[in-house]
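Just below sit the structures, each encoded as structure tokens.
Two complexes are shown next, each including subunit A; its partner changes from subunit B in the first to subunit C in the second.
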Partner chain A sequence: MAAIEISKVVKTFGAVKVLDGIDVEVKDREFIVLVGPSGCGKSTLLRMIAGLESISGGQVAIGGRRVNEVGPQERDLAMVFQSYALYPHMTAAENMGFSLKLRNRPAGEVREAVLDAARRLHLTALLDRYPRQLSGGQRQRVAMGRAIVRDPSAFLFDEPLSNLDAKLRAHMRIEIRQLHDALGATSVYVTHDQVEAMTMADRIVVMNAGRIEQVGTPIELFDTPANLFVAGFLGAPTMNFSGGAVVRDDAGELRIALQVSPRTLPLPDTGSLDEGAEIVLGMRPQHIEIVGEDVQDGVIDAEVRAIEQTGCETNLIVAFGDVEWTIQSHHRVLAATGDAIRLRLDPARVHLFDKQTEKRL
Partner chain B sequence: MTASTTTLVPPSPRGLRLSKAIPGALLLILPSLLLSAMVIGYPIFDVLRMSVADVNRFGRVLGFAGFDNFLAAFTDPIFLQSAWQTLIWTFCVVGGTVLISVPIAIILNEEFYGRTVARTIILLPWAVSLAMTALVWRFVVNGDFGTLNTTLSALGLPFDNFPWLADASTAFGIEILVGILVSMPFTVTIIMGGLTAIPDTLYEASRMDGARGLQGFRHITLPLLRPFLQIAVVLNVIYVFNSFPIIWIMTNGGPANRTDILITYVYKQAFGFGKLGTAAAGSVVMFAMLLAFSVLYLYMTRSREVQQ
Partner chain C sequence: MTSKARKSLICWGALSPIVVVILFPYATMLSTALKHKDEIFTFEQTWWPREFYLGNFADLLFERGFGQAIFNSLYISVGATLLSSAVAIPAAYALSRLRMPGKGAFRNYLLITQMISPIVLIIGLFRMFAYFGMINDPHALIIAHSAFYMAFAVWMLQSYFDTIPKDLEEAAWLDGASRTRAFISVFLPLCLPGVAVTALFTFVNSWNEYAMSLTMLRDASSQTAPVKIAFLTGTLYETEWNIIMAATLMATVPVAIIFASIQNYLVRGLSLGGVK
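After this line comes the complex of A and B, so read on.
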């Protein structure tokens, strides 16, 4: 296994710059997830690591060796494609053994390696089938098997689970992560599913429009998103936002005046804010509490627009004039559309961002 | 062409479920079925009848002749020679066509500047009638005023007045080359269809697996093209085996019957020498040869499908 260093990587297609100065260091044995909205350049970056796409600028190094000019055959990486890209004219076993066959390994050794991988992936009974005789989930496993059979320096995954149903996806998430740990592998995993990112990654790289927005562990990104984009991208339902400003109240204390509420909120201790500063306040749906009329401080009033009961939790869509927020509660909330509702925003969990720079305060 | 592309689609299992509706459907297609049977069936029947009959030069059947016509054909050294030349002709034209069509199709399938123009040029010979192509090439290789000799002489090579078509081996060779030229557009089209059906990710996967140079061609392209190559071979064999105009126009089977194939032999027997019976027997032999080939081919592809 090996570390992968990506420094100042640029990719242009003709006149279009799709990646602009990407720096990521994938440590040995690390599971890195690249997330971002569609078209942000995740696949392109992955394919540049793989060697399937040329590098327009910067450098990619694998295990300390610069590989910009090295073909995919020589990089010793294995890739799992979104479409699986299984060879339709080869059985599962032949698909998995193909890389070893190309390396002219003796047939016995190939068979051993394939059987070993098949056992890990519970594919032993399917080895003689052709891809068209396999289900989507089974094909996915064969594609995984093809990757692990030859013990590469690192694994690259491009949305490998996006063609599976939700249940199988949840199962394979765990299985891939376990496989990664068991093999002591280095993995770079592309997805646009934030649940996959949160649950599988050692570290997440959030990308947007060809740039990196933030790199960190899932908890770091969730608890302290570096900017509005990351705050809005991670977490489901998405974070609620409201514009606002810092004001001084009658007692001379600094407080937050929100566009959505005539009441002011206590200002969390960020140290750097002064009266008049324009901010955006973010609040995760899970961190908003529904309180009674008696609570007076740190609350805002809203009107219930819709209620969704999922069984475990209740999602409330509430409105302040034109602005809608989502609230998620683990209690059964008995409210009806049109009800007035009072919400308390836990000051410790308020996220504040600069309105101009969109950076975290 | 449309007929050949539809044969590429494997029959759907849903078709079987229609079997209940067959009597009614049969009734509906009966008129066209009858017409086809007339147009295709009657000549076959007539040839079969004439092949075992004593026929005069005007096509009147004078009586039953048993296998006399076949005997006449098989004891004619020119018939045997033509049969042998037919095999060479078919093998060389089809083999050569497939061999050069694969690389051409691969090149035309790549992205490059002017690809559309290149594709059009390759497909152009298709638009010209066979007879016209053959005629043009007869002029090109003409010994006295052909452009080939003019060009070669201009290059200082000793081909002044070289009679290409007067010598059997060069004549047959040139005819085979022309045969390849005219069969190529169709074959390239079939193979290009096969190539576009191969997704690029398979090549990417194979490169990740370590495939270099021609290994991608050998392990991905060739096996996935196989059904397309099979169709190209079968259709070309049937077509080339029966191909008349090139040889007839360029050499008329000559010199000394050394470029005759069965179809020109049969034609000469029938309309040159008035031996309609022998000609009919020759036709039946040709039919049997193609039938044998088709059965063999079906058997080969069937056993391969069973393997999979």
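After this line comes the complex of A and C, so read on.
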């Protein structure tokens, strides 16, 4: 296994720049997830690591060796494609053994390696089948098997689970992560599913429009998103936002005035804000508390627009002024559409962003 | 009667006029080819010959050198098919897979060449081959035929190649296969139906081609089957229908047999993209 260093990588298709100065360092044995909205360049970056796409600028190094000019054959990487890309005219066993056969390993050794991989992936009974005789989940496993039979420097995954149903996806998430740990592998995993990103990654790279927005562990990104984009991208339901400004109250204290709420909120101690600063306030749906009329400080009065019961949690869509927020509560909330409701925002969990730069304050 | 049987009965009923139109020439050919010369020019025509007379074929093969003509045709058609495949497969692969400037223009150019009738070019071709001393040389026709049918072959193969996912080759490269190895081990097996259909089209076109063969091959011994048949009609005092029909039968049956035997492949190859 090996580390992958991506420095100042640029990719242009004709006049269009799709990647603009990407810097990522994948450490040895690390599981890195690239996430971002559709078209942000995740697959392009992965394919550049794999050698399937030329590198317009910058450098990619695998295990300390610059590979910009090295073909995909010589980079010693294994890739699992979204379409699985199994060879239709070969059986599962032949698919898995192909890479070893190309390296002229003796037939016995190839068979052993294939059997070993098949045992890990519970494929032993399916080895003689052709891809068209396998279900989607089984094909996915064969594609995984093809990647693990030889011992590559790193694994690359391009949305490998997006064609599976929700239940199987949840199962394979765990299985891929366990496999990664068991093999001591280095993995780069592309997805647009933030649950996969949060649950599987050692570190997440959030991309947007060809740039990196933030790199960090899942918890870092969730608790301290660096900017509005990351804050809105990770977490479900998505974070609530409202514009506001810093004001000084009668007692001379700095407080937050939201545009559409007559009450002010206490200002978390960021130290850098002055009166008149324009901000965007962000609040995760899980961190908003429903309180009674007796609570006076740090609250917002809103009206219930809709209620969704999922069984274990309740989602409330509430509105104040023209702002709509989502609240998630683990208690059964007894409220009806149209009810007035009072919300308390935990000051410790308020996220503040600069309105102009959209950066975290 | 089950509804399925009724359905197929109706289908066959509707198709029968077409079947008759297609089969009538074959029936005439077969019936005439198996008759003795005397039996053809009688007043009352019968479909069924009095006896199955094979003398016409023997006459053709041993007296009139038709075997040689069939061999010439076969040699030229197989040669043209191989040569045009050898050039068209890499060309189509490049058009389908590689990033090249002017790809669209080249495709259009190929299409435009198909709009020119070969007849227009025959004088020029004749002079060219005469210059190279290749008149009466079957290789001249192999070159000319493969050149003429190549544009179509490239066009058709490219359409087929475009339907084969690029992922598969990329996966092979990552597995460690060189471009050539991935082409041979992964790509070629998957595009075989398309290649077979294209090769067959080239073969049949070359087999049936008349005008160029007539022009380039002047010797009786180097003539191809279609030309030879045309020459059989030209006796001064009589038209030997029995011989002509035997010859046409021998010239068309091999093609029909090839078509029928790879019919499955054909359907698969023609329904481009339907291969999953």
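Miscellaneous remarks
FYI, the second predicted complex is superposed on the first by the 361 of 361 C-alpha atoms of A that agree within 3 Å, B and C clash if a C-alpha of one lies under 4 Å from a C-alpha of the other, contacts with A are read in each partner's own complex, and residues count from 1 in each chain.
Just so it is clear, contacts are C-beta pairs under 8 Å (C-beta built on N, C-alpha and C of every residue); 3 or more make two chains touch, one makes a residue touch a chain.
If you're wondering where the values come from, they're calculated on a predicted model, not measured in any experiment.
For the composite obtained by overlaying on subunit A, subunit B and subunit C cannot both be accommodated without a clash. Looking at the shared chain after the overlay, A:His287 reaches neither subunit B nor subunit C. In the superposed model, A:Arg360 lies in contact with neither subunit B nor subunit C. In the superposed model, A:Arg177 makes contact with neither subunit B nor subunit C.
Once the two complexes are overlaid on the shared chain, A:Tyr130 sits against subunit B while remaining clear of subunit C. By the touch criterion stated above, A:His89 is placed in contact with subunit B and with subunit C alike.
Once the two complexes are overlaid on chain A, the subunit A residues touched by subunit B in the first and by subunit C in the second are 50-52, 71-73, 77-79, 81, 83, 85-89, 98-99, 102-103, 146.
The part of subunit B that touches subunit A in the complex is made up of residues 199, 201-202, 204-212, 215, 219-220, 223-224, 308. By the touch criterion given at the top, residues 50-52, 71-73, 77-79, 81, 83, 85-89, 98-99, 102-103, 130, 146 of subunit A touch subunit B in their complex.
Note for the complex: subunit C touches subunit A at residues 165, 167-168, 170-178, 181, 185-186, 189-190, 276.
Within the complex, the subunit A residues that touch subunit C are 50-52, 71-73, 75, 77-79, 81, 83, 85-89, 98-99, 102-103, 132, 146.
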